[in-house]
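Several structures are given next for inspection.
Next, two complexes with subunit A in common: one pairs it with subunit B, the other with subunit C.
What follows is the complex of A and B.
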């Protein structure tokens, strides 16, 4: 296991190196003035330009520039946003929790709904319930998420008026910013209208979470069903049945443990898709997260923001990937060889 | 699986015929195949079969409702948009953009993936290890982010986002192909063939490729459904197909501000995207089941 961990960490270092190289080269690839692209300043006079060129080591060779870039990133000097002229790192710190919150609830929902449905579908593959679960999963798997989001808004917000269609919380509620996770912040906040605010925030959360969870849930159903069908054919299941264990016991002790193992890995593999979908969901529901911010950045040609977004989101995905791989290896000795 | 099979059928048909027999038995897969073929044909023939010019703006017929409503015209089955363009013709034309480009994207990604996957699968040691690590990085960048970066560098457009989606699909293809080749190379008949004096190229072209093509088709089917969804999503965000092009996702975002006046102009393109993806997924699932059953027999 230690050897495996070392290998993984070495690999991670390599991946981060490649990622930093990619992010570094972006300021040169983007159109426009290089000093502007790196600093994020819109108006640069001649004296300031000289100062910046020497600060970014632009008069030296590429290697020196790259090292200077790494140093800046490590010190938290990520440049300014073209749009707001605010430090990028500060902006990201405000936005990232909103995205994480949404993605986490969607992932949780997909587990809660997806795994039991997958197991039911695997147990009754030929009767009506199993077939309809499989069909439902296929439909959910094929839905274009932005259209699905629009349909739900049309139904629940415009036609029925039950749920709000945009934002995280109603403008009536003033919640001080602590962690950025809205539910946690509300519970922490020392205000009179805490219960109402919580209710309102949950209402805002419901539609985006359901929309974002649709795809992971269907993936989970299909994956668990296939894994379960596969495991149920194995000889050790027959042995367990033959020695007299009840169906529930076999399911819990032998079936689930083996079938759910690959699910851990699946989370890591699906995480980058989840982030893509979260970005789209944020756009549709005007959710103030990093995805909407990035998509706005491209409309505004906000190149420093795109670079910073790449760094943050990729780091997040790589971290989740590594974590799930290591967890998987922890539970499954067979995976440690690779 | 019945335990008593008295009349064992002689099964000497070619693998493709066996596969087709298993595929044909699944009704849902056949429905998917019919839909898939019709989308394919429409995307090929789109310029010739549109009843009206998809870009012609008719001033007298702005926002005509669909033909099933009382105010609609039968010549314009789905009505017209706010510029007086026939929605039906635009949707037909859009098939080539959303569906056709998805096929092209996957074909391109598959070719590149086959090349790189073969290189990675047939090589050993450091070369293969470096390859894996680079792939790991590529797998971690979400496809939309990759598209944003490419659009930032090259500017928006259908072609540029096609490259982005191709790049986003490539790593999973290379990964899958590499694993499939790896698995194939473990087989005894590969060793036997090598002992007969076959070199890498012989092994790859005569043994490996014919044995992994089933996996390739499944990968391609999954790739096509992803590609359709991605092209439509990027069109919806305005990064992909630009203004006059009637890509389905772009059509949804065009008619978004008319959602109260003409909800059908949002609903119908979305329904088409959904149907196209569903047909691909049905075919993919059918193929998967058919291959499994063929292997079992």
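What follows is the complex of A and C.
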């Protein structure tokens, strides 16, 4: 296991190296003035420029500039946003939890819904239930998320008026910012209307979560179904059945454990898609997360923000990928050898 | 539909907890007072600053001005007359250069987490506020760039000699010359009164910049928080001197997208929506949970020619262009019938309106004849600059420009439509790089002068805000004379002749006076729209059905 971990970490170091090189080169590739692109300052006078050039080591060679860049990233000096002239790291810290929260609930929902449905579909592959689950999974898989989100807003917000159409919580509820995770913040908040606020926040969460969960759920259903069908054909299942274990016992003790192993790995692989979809969902529902911010930044040609956003999101995706790989290896001794 | 059932179906085993909670709580949640009586106003943009002195944008004024601040004097929105505000009474000297205001007692500034006032509002605060604009040595003068756009447009610095606090309750404004629009200027949303004590506190803390970011005023609401591009939260000022503020909380939800703002109104996430698109008014009118308030607004949309550039320096050409435009089509396609055609730049609601102005003529044949007379029988090529933003007086300048392009083609003129991003657009206009421009003006106060001096005077040309690049000493004399007298009959006569003169000279073609609209949830009452400026939400309240 130690060797495996070591090997993984070594690989990760290379990935990060490549990522940081890409992020570093962006400042040079973006149009405009390099000092502005790095610092994010809009108006730079001559004296300030001199100071910045030496701070960013711009008079030295590229290697020195790259090392200076790494140092700044490590120290949390990520420059300013063109649009707001606020430190980028601070902005990201405020926004990232909203995205993580949405993605986490959607992922959770996709497990809770996808795994049982996948198992059912695997058990009854030929009858109506199994077939309709598979069909639905296929349709859900190919749904354009933008259209689906708007459709749900039309139905539940505009036509029926049951659920709000945008935001994280009704703006009249004032919840102090602690962690940035809205449900946790509400529980931590010292306000009289905690229950109402929680109810309101859940209402706001419902539609975006369902929309974002659609894709991973269908992936989960298909994956669990295939893995289950595969495992069910294995000899040890037949043996267990022959020994007289009931279907339920076999399913729980032998089937599920083995079928779900690849699912763990699947989470890591799906995570990047999930984050991409989360960005779209944030735009549709005006969810104040990092995805909407990044898309706005692209519109505004806010180069420092694009750079920082890419760095954060790619780091996140790589880290989650790595984590699930390691988890997978923990549960599955076979993977450690590979 | 399949998909939908799948989601609902799956919710049964999965999100049952959430559903149950929603259902349970959804029954009849006992809302706390701050939420129940709170109001949400969906705004089309973020405020640029929290100090009205520094801004001109209607979006910002709507959010900050009437809610957070008071003025020395106010306008009665019904009669247009000037009424007492923070000043309970005032006297004007016989020569019109000496204004003495007696201030109201026991008015307190907001106390908040960042400032607690130790004394009530006094004359010192008035002097602090207005000296900031004119006095280069004032510690806050250069804060925020030292630019006070409204006050510069009315030439405030050369008008006001001195603002002096005589005692706690008396303040005197000494003017260089009489100016009959002076009191009107004090009623504008820009003339908000700031706190001198707060200024001193910020100076001693070394954070003078906060004065425009964390506002302290005397208005019906106090500032609570601002999340950029998300919301502005205000709380009720419980010590408001006028008393009787209804909402405990007022939130400005920032939703730049038009369609989304409308959706939020329909889902009751917003109570009040600013500037619904005229095209959508019919859709709104069909719903019974939303009402549309229509109010007269003092504004004019116009087409200004750069009168220094040939061929627009020729009167015949300007007249020909004015006759070539089919206004009926513009009123229909751009304003959707929610505006009155303009005969001159002054709206009919003004007391100085000239009833005698002839209605504009649409006659391509006569326009062609005029062009031939001016030496352009075969027409020419010109640019029409269309402003890139939606404004009340011109909801869609590009569309208007396209219509005009077709009209002008009829008389042999080839028009190119030009547009830039709004800031560079205004900058280039200020340099007079344009041939002609579609733009407009919304009044800040009811005084007719507000339509003449900031738009067409020589001073306005020099400061780059005279869109027609037009400087006519004869016209300037008329409007300056109108300021020197306080006699309304005399002033009226002068403004009538000014309008007549403009009609003859035609430096610009006035197109329409637009109505202002506000879409409001039916459960909210008491929203007042000031025809001369921002929205006032002090009296707004939620009526429980």
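Everything that follows uses one rule, which is that the second predicted complex is superposed on the first by the 338 of 338 C-alpha atoms of A that agree within 3 Å, B and C clash if a C-alpha of one lies under 4 Å from a C-alpha of the other, contacts with A are read in each partner's own complex, and residues count from 1 in each chain.
The rule we apply is simple: a residue touches a chain if its C-beta (ideal position, glycine included) is under 8 Å from a C-beta of that chain, and two chains touch if they have at least 3 such contacts.
Owing to the predicted nature of the structure, the values given are computational and were not obtained by experimental measurement.
*Asks:* Answer with clash or fit: subunit B and subunit C placed together on subunit A by superposition.
*Replies:* In the arrangement built by aligning on subunit A, the partners subunit C and subunit B fit side by side.
*Asks:* After lining up the shared chain so the two structures overlap, which partner does A:52 touch, if you call subunit B first and subunit C second: first, second, both or neither?
*Replies:* Neither: A:52 stays clear of subunit B and subunit C.
*Asks:* Touch check for A:273: first (subunit B), second (subunit C), both, or neither?
*Replies:* first
*Asks:* Applying the document's definition of touch, where does A:192 land relative to subunit B and subunit C: first, second, both, or neither?
*Replies:* second
*Asks:* Does subunit B (first) or subunit C (second) touch A:117, or do both, or does neither?
*Replies:* Only subunit C is touched by A:117; subunit B is not.
*Asks:* Can A:165 be said to touch subunit B (first), subunit C (second), both, or neither?
*Replies:* A:165 contacts subunit C only, not subunit B.
*Asks:* Once the structures are superposed on A, label A:19 by its partner contacts, choosing first (subunit B), second (subunit C), both or neither.
*Replies:* Only subunit B; A:19 stays clear of subunit C.
*Asks:* In the superposed arrangement, which partner chain does A:174 touch: subunit B (first), subunit C (second), both, or neither?
*Replies:* Only subunit C is touched by A:174; subunit B is not.
*Asks:* With both complexes superposed on chain A, which partner does A:203 reach: first (subunit B), second (subunit C), both or neither?
*Replies:* second
*Asks:* Regarding the shared-chain residue A:310, is it in contact with subunit B (first), subunit C (second), both, or neither?
*Replies:* It touches subunit B, and subunit C stays clear.
*Asks:* Between subunit B and subunit C, what is the shortest CA distance in the superposition, whole Å?
*Replies:* Between subunit B and subunit C, the minimum C-alpha distance equals 5 Å.
*Asks:* Using the superposition on chain A as set up above, list the residues of subunit A that contact both subunit B and subunit C.
*Replies:* 139, 143, 158
*Asks:* Using the touch definition up top, name the residues of subunit B that touch subunit A in the complex.
*Replies:* Listed in rising order, the residues of subunit B that touch subunit A are 133-134, 136-137, 139-145, 148-149, 151-153, 225, 229, 232-233, 236-239, 249, 252, 256, 259, 263, 266-267, 270, 273-274, 277-278, 281-282, 285.
*Asks:* Can you list the residues on subunit A that touch subunit C in the complex?
*Replies:* These residues of subunit A touch subunit C: 84, 109, 112-113, 116-117, 135-136, 139-140, 143, 148, 153, 155, 157-158, 161, 164-167, 170-174, 192-193, 195-196, 198-199, 202-203, 206, 210, 214, 217, 286, 288.
*Asks:* Going by the contact rule set out above, which residues of subunit A touch subunit B in the complex?
*Replies:* Where subunit A meets subunit B, its residues are 11, 14-15, 18-19, 22, 26, 29-31, 138-139, 141-147, 150-151, 154, 158, 269, 272-273, 275-276, 279-280, 283, 294-295, 297-299, 301, 303, 306, 309-310, 313-314, 317-318, 321.
*Asks:* Can you list the residues on subunit C that touch subunit A in the complex?
*Replies:* 2-4, 6-7, 10, 13-15, 18, 21-22, 25-26, 29-32, 34-35, 38, 40, 224-225, 228, 230-231, 233, 249, 251, 253, 255, 260, 263-264, 266-269
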